[in-house]
Structures are given as C-alpha cells and as structure tokens.
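Structures follow.
Shared between the two complexes below is chain A, which has chain B as its partner in the first and chain C in the second.
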Partner chain A sequence: MAASVLLSITGATRRFRTPEGGSVHALDAVDLDVRGNEFLTLLGPSGCGKTTLLKAIAGFEDLDAGDIRLDGASLRDVPAHRRPFNTVFQSYALFPHLSVADNVGYGLDVARVPRAERDRRVAEALARVGLEAMGRRAPRQLSGGQQQRVALARALVNRPRLLLLDEPLSALDRHLRQAMQGELKALQHDVGITFLVVTHDQEEALAMSDRIAVMHAGRVRQLGTPAEIYDTPVDRFVAGFVGASNLVRGTWRSTAHGGGCVTTPAGIDIHAEGVASIANGATVDALLRPEQLSPIADGAGAAGPTLAATVASTVFVGPDVHLHAHLADGTPLQALLRHARGQALPFAVGARVVLAYRPAAVHVIAAQAT
Partner chain B sequence: MSVAAHARWRRRALLAPAGLLLAAAFVGPLLLVASFSVLEPGLYGGVEWHWYPYNFGRVLGAPLGDVEEFDAAYATTLARSVKLALLVTLVSVAVCYPAAWWVSRLPPRRRALALFVVTLPFFANLIVRVYAWMLILRPTGVLNLVLAALGAGDAATDLMYTEAAVVIGLVYVLLPFMFLPLYASIEKLDPALLAASRDLGATPAQTFVRVALPLTLPGIVGGAAIVFIPALGNFVVPSLLGGSKVMLAGNLIEQQFLAARNWPFGAALAMLLLAFVLVVMLAAAWRRGTRGAVA
Partner chain C sequence: MTLRVRPLALYGSVFVLLLYAPIALIVGYSFNANVVNMMLWEGFTFDWYRAILGLPTTLGRAANHVDTTTSLRAAVVNSAVVAIAATVVSTLVGTAAALALGRAPFRGRRAWQGLLVLPMVMPDIVLGIALLVFFTTVGLPLGRGSIVVGHCVFLSSYVWVIVSARLAGLSTDLEQASADLGAAPFTTFRRVTLPLLAFIISLDDLVITWFIAGVDATTLPMFIYGALRRGIKPEINAMATLLLGFSFVVAATGLWLRGRRL
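Showing the complex of A and B:
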C-alpha cells in the first residue's frame, strides 16, 4: 500500500551567516516526502537544522533553494497565516492575556467561525486533551504539562492538514515525557492528522514514530521505520546516534549468499549474514547492538561465533547490567545482561569473557569516503 | 525581636528617606496650595486668611455662586490645554511605537546605542532646545529654507505662535518619556507569540491588534500618563512657541502667581487641573483593575 504524499520537500536549502563571517548550511538540499496520516519524526542532534526545516514548512523561514509542495502545489508564495498547518511551539507560546478557552478558540476567531460552532469545537478540543474544566483559567495558572495540552488543543482545533511539533516533550520531566509519548501517538491515531515532530531524543523518536528522518548537518541521512533505522542504519552517524552501538572497523570478505566476515586490522573476525552489495575488500563497519551480544563466563556452550574480550567495568541500571569490555586489540565493546534478582554477577573486572552473537544480528555498513 | 518584626522594621527604614522627602517637598506644599485656593486674595498679593470659596466660581461659574467674576475664557483655556495635551500624547504614541518596536528588534549592542541616543536630549538644557525650535519654525527659519530649497517655497508657513508649534515643541520635549515605557513593554513581547498568532491564521494586522497591542498596553498607558500630565501643566514650551496667542493652563497659573499676584486664584486653577488628572488616572486604574480580574 503506497500511502499518499501530503507534503513534498525537494532540494530544500537554507544558509545562515555566522557572526564570524562564515556561513552555515542549516539545510543542505533536503529531500523529504511527508505522507498523509503518518507520525513522522525529524531526529537529529542540536543544530542539525530540524527547527529550520519546521519553520520553512510553517512559513516562518524562506528557502534559498528548493521547494515545498502541498498536494503538488508550491508553498513558496503562501504566507504563514494562509498555510493549512499548525504548530505546537517548543515554549508553547500561549497568549498570556487570553483565557485557556480563548487561546484554543484563537484560530477559529480569526477565521470568523460562528460563535456556536466555535464554542462547541473549543469545548471538544479541550475535552480531547482532558482539560474541559480549565477553559476559564489563565495559561499561567496551569502546570507545564497542562500548558502543552492547551497548545495541542489550540493547534488541533483548526483541523490542520499537518501538525508541526518542535521538541514538544523536552520541557517536561521524565515521567510525564514518557506518558505523553504514548498520548501523542494515540492522539495522532484518533484525529487522523499528520504529525511532524522534531526531537533530539532517539528513544522518544523510536517510541512514537511511524517513520523517522534522521538529520545531520542540514541533511536527511536516513528515512525509515524505527526498526529500519535501528537495525539497518545507513552510516556510522545514524548507527551511533540511534541506540547504543558497537562499531568495529575492518575489511569485508564475502563468502556465499550475502554472508561473509569483517576482519579487523588485528585479525579478529566478525561474521555476518544477509549483507547485500558490498564489494570484497571494502572498508566497512560492523554494527553489533549491545543486546545482541551474550556474555558467557567460560565460553562453554556457545553455539555460534564468539569474540574473546576482557571485562573493563559493569554498571547496574536496574533491569539491565551494562557490561563494558574490550577485545584483544583494545576495541571497546558494550554488552547487555538481563539483571537476575538474587544472582551475583559472574563478571569481575579484569576477568575474561566470551561474547556470543548470531551472524544475522550483525549489520555491516560500507564506510564512506569522507 | 521576631524575624517578622525585624523585617517590618527594615521595611520602614528603607521607606523612610523617600517618605520624609515626599512629606516635606510634596504633601506640605500641596496642602498649602489647597488651602490658598479657598482663601481671599490680598489687595497687593499674598492672601487674606479667611474662608473664600469664590476663586472656583470664576472658572466654573454659577454653581459656586460668583456670577460676577465668572469668565468662560478660563474654562476655554483649560479645555484647550486638555485638547492639546491629548494631541501631544497621541502623536507621541504614534511616533514612538514603531520606533520602539524597531529598536527592540535590533541586536543587543546596537539596541544599547539606540537607547542612549533616545536619552541624549536630556543632556542639553530644555530652554535651549525649545529655542532651537523657534529657529526652525519662524518664517525665515530652517523649515521654510528647506521647503524653498526643495522647490516647495509656496508651502512656506509661519508656524510660530500657533497650536501646531506648541504641539511640536511638547512632543519633542516629552518624546523620551513616551519612548522608554513603550520600549520596555515591547521588548518583553515574546516574538514566539506573534509567530503563534500567524501560525493560527491571523494576518499581520490581526496579530498586531489581537496580540501585540493588548500585551503592550501597559507601556502605552504608562507612557500616556507621563506624557499627558506634564503636557497639561507645561508652561515653558507654550510661552516660548505659543506666545500670548496660545495660552495654556500652565501659563494661566504662572500668570496668576507671578504677574497678577493672585495666589488664591492661581491655586484654585492648579487644584482644578489636579482634580481633572486624578479623575482620569483613577478611571484608568479602575478599568485596568476590572479587566485584570478576568485574566
């Protein structure tokens, strides 16, 4: 099923002068299709251009080159107030001189929606975010989480084609943030409006999104489902940014049917399966997620291939124990152990450990020239 | 001594200098003027110390019983003062609002420079600055020279000793007092709120009326108060630029105290002006109070 394209961004480029007199590519030829009724997340480190892209879509930032099309029609000459999008601002930007209900009704008021319908839709929107009793309050009389719900209601009440959210959860504390991740996802499903969410938090992106666009230095490095991004990152940057990762550089030697092995300069072999289109002898990175490595104290009973390592440290985090080790050539590796209540950890610092893995769990990335 | 009692005493100590100064330099003279206004003028200046309510009758007429000395010219002068002071206030807002907006959007260093430039007139003597306007506005003045140079010599006018000259002079003198409170409130206006308004479908004009204006209203009201009140009482500018043709309340009061040596009548005029200002300020404060309760 090919979902319909709602918003099509092609070659979007935006440069800014830096105070030092240089220039920075906030957006560098970004291509991105946003589909109807999807939850799409722009994920990337601070300064990679996420906000700039969101502002360009909302109409608050011009592009130096490229275009943004809605249903195939260019938005170049459409001012912000005539674009059928709404934004949930990072600071919420609630109007302090208006009550909660009047904040939510603002878009309907400027669109001159009749009073009765306006009041009904405002009440509906407030009920949807669980604030039906708060309409008469001033924004400053609400908690941070409640203010954010008002910002959501204020945007959704206009039934935009696309809802833009800039770091919507970053101002909330950890517990509230995790609860809101689920709520945002459920809300998107309920209202059937496309959500385009900006975040620098990879866990948040993985938890909420239908698709994730990973950005770096003004470019979209990879676009895919959370599982695709996590399991098959296209480059070292994506692999390192999303999830904890062990990246081991080596030379690719293929055997049959996409199988082969990555050999480090020190001669350590890492076996892989299901690898397509990498030339023999190419420099590659082998990606081993920590949870795909099973530490075995004495190496006995390992069915598949293993790596011999030395324990550097163990960190107890509750459900898991992070085991930091290094290979014979010094390459650091992290492995994950399920915490078993009442059992002493069998790995002393400095002890030898064998790390077992399945070749199918190893992802091989061709190293870029740059 | 308890902590609360200690804090109470410290608060009193902090207020003492200002309190003493206000009592000595403001409340005292005010009471004196108030009592003069109901005393009889002495034959050769000064006051006769007995009850004499008729000073107000000269301005307000019959209700106060002194039909003989009533002269509508006094009320006309007070009304003209209110009209011109309102005009000065409106022009100042219209001039300062966009300028303050522009300054508030400058990068910090150029903003500091612009604010310094705004306060620059305070460094020169008031009379000198008003005389400069005489050089500009008189028939052979700079204004007409410029008009002639631009080939618009026909438009040459004599603005000296007109209401326009007085308004120009007052606006010029009082401009910084409007600018600073306006700037303070506009600078606090979060640009994200303007973006949010646009995002919700409001045009730039709607955004200004629905978001920027209400949120900067405290600055407008504050600036209006500290421009309107001095404009109402100022007598330096009207006497230099308005001469005897544009007599305002300030000149009238000055005249009664200095030239006519009728202190009680001057005091009565001053009290009327004060009463008017108080009523306006209380009305404004009351309106703000009732609207503040909604938010």
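Showing the complex of A and C:
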C-alpha cells in the first residue's frame, strides 16, 4: 500500500486555562502525518492530549497554533460539518428520537442523497455490522455492543476520507472488546478507509494498529509500528506505558559491535546487543520485558547470561504465572512463566531463582535529563 | 411476638396520614346527604356532583345552592383556558430563553440567569401589584388576557429552569454528532436539538407547568375562596374531589411519561 499522506498535522498547539490562572498545553506543537488507508492509533493516558487532537481534526476544537491539512489544503477555516470525516463518539451519541435506520441515514439525508440510494446504502451499512434486522428499533432497545455497531455504520455509510474513533471499545465488556478489536481491524481492511483511533488501552492499540502514536503531556513521544513501540521504546514513559516492563537504571559500557553492558550502582551487569549510538559511561535504562526472562530454579542449563534473584511472590493468571522477584540490590523484576497444566510451580516465596535472558532481547534507553 | 416499629417507618406513616387526612375528609363529605351540617353523616348521595354538572337533584332543599352552579362552571372553563394558554405560551418563551442562555454563550449570561430566577422567588403580592400597575399603565384591559400574561411572567421562569436543566443534561455529543455527519448549525437545531427538547420535555414537564398554572392563582380558586366566605357549601367538597381526581390523573400521567422516557 502506498504510504501517501492523507492528513498532515504540523505544530498543532492547544492551550487551556487552568483555574489557577495558568495555562496548560493540551497539545504542544504536535507533528503527525496520517497516511492513506492506515489504522493509526493515538495512545496515551488520560490528559495526554489525544482526544483534543481528535476533536481538532473533527473540527470541534480550534488550534491556538499550527495547522491540519487534508491533501495539502488547510482545514483551519473549514467547519466540522464541511469536513469529509466522520466520528464514532465514545458515548456513541446515537440520536434517541430516531430509529436505528434513521440514525444511519442521517448523514445521507442531510446530504440530500436520493431516497432509493439512501435506503440501499443504509441497508448495506447495517448488514456490514450485522444489524440488518434492527433498522426499525430505537437505539435504546439495543445492547451496548449493538449501539456501537450502529455508531460505526452511521459513520461509515457516508464513506468518509477519515474515520475518527474516540475510545470506541471502552464501554464494552472484556470479551466483546477483544472480539471487536479483530472486527474493527477487519472492517478497516475491507472498507479501505483510514481509521484514526484514540485509546488509553495499550493492548487494544497493539492488537489493532498499523501504527501507534504514543502521546504524553501534549506531545507525540513515539510513532511506530506496534512491534517497534513494544520492542524499542524511545524513553521510560513509552516503555512503562506500553506493556509490562522491567526498567533497570545503570551505566552503559560498550564493548564491540553494539554490544555492551549496563552496570547498576550495586555492580549487577545486564548484557545487551545491537545497541547503537549510546556514549560510553552514559546513564541508561535497560528494558527487560517479563516474557524475555526465563526463571530457572537452580540455574542449571542456562546458556546465556543470568540474573540472580529472590522470589517475592507468584500470581497465577491462567495461561501465565507472573513471578515477582528482586535482585540482590532490591531492584524488583517481573518474569513470565507459561503455565503447564498439572505441574506444581517450582518457585516458593523466598526461594532463590536464576533469571536467564538473551542479550539481544535487552533494549537500552538513554536516560533523559528529566 | 415482638412488634418492631422502626422510627422512620412510624414517622413516614404519621406524615402521610396528616397530609392526606383533611383531603380524605373532603372526599367523604362530598358524598354526604346532610344539607345543613356536612360534619354529620346522613346518608350517601351523588347530589352535589349532580348539582355541579347541572343535573336534576333529588334534594329540593339544596335549591338555594344551585344559583352558584353556573358561575362555578364558568370559573372552571376560565381556569382551563388560562392554564392552557399560559402553559403553551410560557413553554415557548421559556424554552427559547433556555436555548439562548444555554447554547449561545454571550456576555452577561449569568446576570440574565439571575434575573430569570427573580419572578419565582418574588412574593406573589409584589409581582401581582407590579403587574397591575404595568397593565394599567400600558392600557391592557384586565381580564382573561391579562391573567394569561401575568401567569406567563413567572411560568416562563419555571420553564426556563426546567429546560435549562434538561439542556445541561443533553450531551453536546448529539449536536456534535449531527455536525460531524454534515449538518449545518440550523439543520442540527431543527433535526436534533429541537426534537430532543420536545422529546424529553414537553410531555412530563408540561404537566408540571400545567400544575403551577392551574393551581396557583386561577379563577377557579378565586371562585372557591369567594364561595368559602359565604360559608362552605357541600358543592365545594364535590368540586374539590373532582379536582383532586383530575390532579391524580394528570400526576399519574406525568409519572408514567417520566418513567418510560429514554
């Protein structure tokens, strides 16, 4: 797929007044390109500016500085109702006084699409989300999951250039949410419309997106594919926000070919490979994802480097067992064990454990001044 | 066997009893056949109701009360006309005010909101005198028209309060969704804001407005006050009972509508 730029956001800035009389940046000079036909997710904690950015794109929020361009043309003076985008609202925002079919047909009615075509497209859109039999119902007669599908159909029926989804799955229960993640991605692939999703749920972002923009304090901290974001986060915030992580601070000593070692103040060494452009002696964070640590009871048979730790607790969550341990200097580490049916867990609380890892699985992040 | 009376349940029972005992008495008296002293039970009769409705009664001795029946019915009609007119006009005026103050931000909004509350907290007598002076000054003849206008002054405030609360509860998401789907601001107002307001307000809140309009100071209560000065006549009991029944029906309808909303 050609990576042509559909929407170009440059220097987008939005300030809000605080009650104390100061001002806070909801958006702080955000640059972001949205490509044609991609599934892009804005991921971040609440208050990071992701919803403000979505509203600015939809036209419900003005920018104090910067610009948003569609196909190179500025949207600054284009009101929301003239932008070729549609939104799936977090609350769904279905019109309670209209039937499901009239909700879906609203955009077509407003655009004065001829009756026959309007009815055909409404029926198509409802069929696409599996609600062909529900057209005559009132929105309140549908379940939350069905209402969400109506909101989707209502937006997609207008064939927008860009579909904006504000926390689309947050109101659904866990099972439905996971099913809908797959459906949304399949739907995006089928209709060939660019999806821009806002979410605070990192699992959701990883599961659905082509690319993820991780936002924090009004800025895009990292933009990349889910694997890039997960494996090579650019800073402690991204590492901590996406996935479970063990971050161990230390001093970087490089050896050869990008290899080297992070040494903690207590003298514990964590070996790493494939690390580029970090100066010798720099303060760094070593990122070890829990699933990259293999707990071995007696330390026997470990091929690579290991870390000696003490078991603090074990938590059984079904497919996995979370093993919480700490190093000799007290640094907490989390490791993941596959649960094997019928086998007792070999790690008692307080027992010694050896955590084996591959140096290539260690990601080293240069620590910021902050 | 121990009988445990919870203090709150006891308090609740006494409260309801005291609230409804006088009303129950009136209902009872309205069926009492004693023409001279309604406190003494003399037998069951529908005559007082018949008298109100202009039907022949079996009590010839009650003839001296019949002269009031025509004016009583006129008062009821007046009340209904005033209540309906005032309800309709003030709903329109109050809703427009709520929309203006709730959805279109402009300078001095809070001051306007304060001024709108005033007619509700102002003592009735002050508002009444002010209206009288005003009507006389502008030369509006006192009558049904001036009563409707007077009612609209404070009823619009009530409507404004009710609609404002609803409007605040009406998420701007819906209006944004309309714009998002390509509707220009006026289309959004016509196809979403207005129908939704009508959808959630007119039904049960009209009932509230109707109550305030009909009960507070209409011609029927004026008639009853007047009649009471000349001594309580059993017809008044029948009239009160009918009004009571009507109020129950209206209130029940209001509650029912409220219950099935959204």
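We adopt the following convention: the second predicted complex is superposed on the first by the 368 of 370 C-alpha atoms of A that agree within 3 Å, B and C clash if a C-alpha of one lies under 4 Å from a C-alpha of the other, contacts with A are read in each partner's own complex, and residues count from 1 in each chain.
What we mean here is this: a contact is a pair of C-beta atoms (placed from the backbone, for glycine too) under 8 Å apart; a residue touches a chain by one contact, two chains touch by 3 or more.
Everything quoted here is computed from the prediction, not taken from an experiment.
*Asks:* Could you check whether chain B and chain C clash or fit when both are placed on chain A?
*Replies:* Aligned on chain A, chain B and chain C clash with each other.
*Asks:* In the overlay, answer first, second, both or neither for which of chain B and chain C A:Asn86 touches.
*Replies:* both
*Asks:* Contacts for A:Ala217 in the overlay, against chain B (first) and chain C (second): which applies, first, second, both or neither?
*Replies:* Neither: A:Ala217 stays clear of chain B and chain C.
*Asks:* Just chain B (first), just chain C (second), both, or neither: which does A:Ser99 touch?
*Replies:* Only chain B is touched by A:Ser99; chain C is not.
*Asks:* Counting only touches as set out at the top, which of chain B and chain C does A:Ile278 meet: first, second, both, neither?
*Replies:* The answer is neither, since A:Ile278 touches no partner chain.
*Asks:* Counting clashing C-alpha atoms after the superposition, which of 5-13, 131-139 or 149-157 on chain B is the one that bumps into chain C?
*Replies:* 131-139
*Asks:* Identify the overlap between the chain B-contacting and the chain C-contacting residues of chain A.
*Replies:* Residues common to the chain A contacts of chain C and of chain B are 58-60, 79-82, 85-87, 89, 91, 93-97, 106-107, 110-111, 154-155, 158, listed in rising order.
*Asks:* For the complex, give me every residue of chain A touching chain B.
*Replies:* 58-60, 79-82, 85-87, 89, 91, 93-99, 106-107, 109-111, 138, 154-155, 158
*Asks:* Would you mind writing out the residues of chain A in touch with chain C in their complex?
*Replies:* 58-60, 79-82, 85-87, 89, 91, 93-97, 106-107, 110-111, 140, 154-155, 158
*Asks:* Which residues of chain C touch chain A in the complex?
*Replies:* 171, 173-174, 176-185, 187-188, 191-192, 195-196, 199, 262
*Asks:* Over in the complex, which chain B residues touch chain A? Could you list them?
*Replies:* Spelled out, the residues of chain B in touch with chain A are 190, 192-193, 195-204, 206, 210-211, 214-215, 294-295.
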